[in-house]
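What follows is a single structure, written as structure tokens, with notes after it.
Letters A, B and C mark the chains in the order given here, with residues in each chain numbered from 1 onward.
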């Protein structure tokens, strides 16, 4: 997302387009000749579609999203997972790689444990998850730290083509996995590193709708970095193997 | 509602004496005080510690005294854990938490001699003033006892009597006098709750830290720098404390109490200036 | 003496100083504070969230629950903490006022909790509550087709006045005081809250509704600007 001056926010019911210039996209509705916003957010036009990018509120699950969830219950066919937001999510046994025996399910993913998972299907009142993926980031979280942010701030934490998230990773020398549902997993060699990454993220979240965010973040990092942390050399980006 | 992994993080951070938000074990979050949040109350204040916010309103009433305290006014403390302030609070009868918190705060004030109850007597044996200390949470991010207790004291210090018509024996609500409540300011009690995790003690926890803590001790103290007096104490939670631990907590409390006392006096001076 | 001059010297159709702010309760999914003169209301929204226990869920659409209450020290004579019959009634009419706006069909099986508390009361409390709640719902990202604004119109003696204050509520001379809280939807102009406490000649009702419509348009602007200031 481009860094601009504070974009104009529209409120529910506000007319964002007249006539047939555009087709109504996410969080908009046709009302007579007009298209209105039905949610607080920022207007975005893409091709012939006009939609609202929400900036507040609970997480809206999307197919393909990588998210972090908490195991709530184990049934015969899989695991019930809490991913935040108003709908329950389910990880079917068949969506896990390899063969897992029924009485081994608790050991693989136990109640109260956190997993990095992907949304496979979004139905009217429920969500299906999967652990099958070509990239290796899905799996159980064993160590590290979890930070919760409003899911709508996630794009800012990631930044344009990952620029912001890489800035955080380098400054704190941590591995960071961002869940689209607002849960962020930080893993580093010490708790000081992780706590520092957490604080950078909190700074970003408190200052998202401003111009020059990247420069402000860089400045904040220089001013607040504990002496004990050594940055990662910018050339490396290890990919971690997660079980 | 704390993740297992977060428990580990908090435990590790506290054990290393550097908390997740960078604070030391005995550091408070930034404290923000705003007086006069309800102009209908005889005295009112909002206190924030970090993101936790509690408001307090003092209301006065006139009643018959208790039979064993015929020449003294009465006092009642209530703490409402408003569902507005947390997804974990529900409607219904006051929870054990809200009752315990109110009672801890109440005892500290009552025992300290801060309020001169005899000066609240209107007609011996027949009519006395009642002070209602009403607390309500606006946002819960931990440490409600201390924030509530501080709000109660600040509200009492800025409260003034409503007009009382001696002939009709009724209060003219909405009409205030300039007369402050009869307080012995040198006996002002301040509360600090010390939380325990493993063998570490810390103050002013966030909600996350408080949910992980194993036990707590609240101490209400008065008389800074001159033979400090403990007016109330309460241990809560499952953990146990050794006598040495309690001893060192009291030592720490004396230091924290001094800092808090200075803060309170500064804020009250500012308020007086602003009110003129 | 006829009521020719308002107790606080406002014009007959003038609102009291009004202000609004969003995001006052960090824990909530959406929150707002609304000040109408000396009346201060805070609203917090939690949801949409899964509605448990399951048998309460409506598989067709979401459920909106409203709880309104005044804090004990918000009025002159202390209110005992806890729910009263008045607060139950106001909770219900507020729920009926807000429900038409929310696209509950898009949120089956969920519940949205709206909590309204009055910090300081000087008449018009349920209207301030609705104004705060509407902003809190929008702040929480709840899908809504429009906004809602509320105001208490009064008939004091024989004058129709906008945004009644406590003194006016208690007026007893001439025809006395009648309090008419009402709420208008911002786009459709429909009315979803209408109550009357007192009495009014049928032929004057139109004037009262018109006054309310004009006042609500002004209140809507204040709500809109506060929402656009969200951080």
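The criterion applied here is as follows: a contact is a pair of C-beta atoms (placed from the backbone, for glycine too) under 8 Å apart; a residue touches a chain by one contact, two chains touch by 3 or more.
Only a predicted model underlies this, so the values are computations on that prediction, with no experimental measurement involved.
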item: Set of chains adjacent to chain B and to chain C; value: A
item: Chain of greatest Cα-centre distance to chain C; value: A
item: Result of counting contacting C-beta pairs for A-B and A-C, higher pair; value: A-C
item: Between chain B and chain C, centroid-to-centroid distance (C-alpha), Å; value: 32
item: For chain A paired with chain C, centre-to-centre distance based on mean C-alpha positions, whole Å; value: 35
item: Distance from chain B to chain A - Cα centre to Cα centre, in angstrom; value: 39
item: Chain A, residues touching no fewer than two other chains; value: none
item: Contact set on chain B toward chain C in their complex; value: 37-41, 44, 51, 55, 57-59, 61, 78, 80, 82-87, 91, 94, 132, 134, 136, 138-141, 171, 173-174
item: Residue ranges of chain A touching chain C (in the complex, touch as defined); value: 8-9, 11-14, 27, 29, 31, 36, 38-41, 54-58, 85-88, 124-125, 152, 206, 208-209
item: Of all residues in chain B, those that touch chain A in their complex; value: 3-6, 9, 12-13, 16, 18, 20-22
item: Chain A residues within the chain B interface of the complex; value: 70, 112-114, 141, 143-146, 191-192, 194-195, 198-199
item: Residue ranges of chain C touching chain A (in the complex, touch as defined); value: 29-30, 47-50, 59, 62, 101, 103, 107-110, 138-147, 186-187, 224, 227-228, 230-231
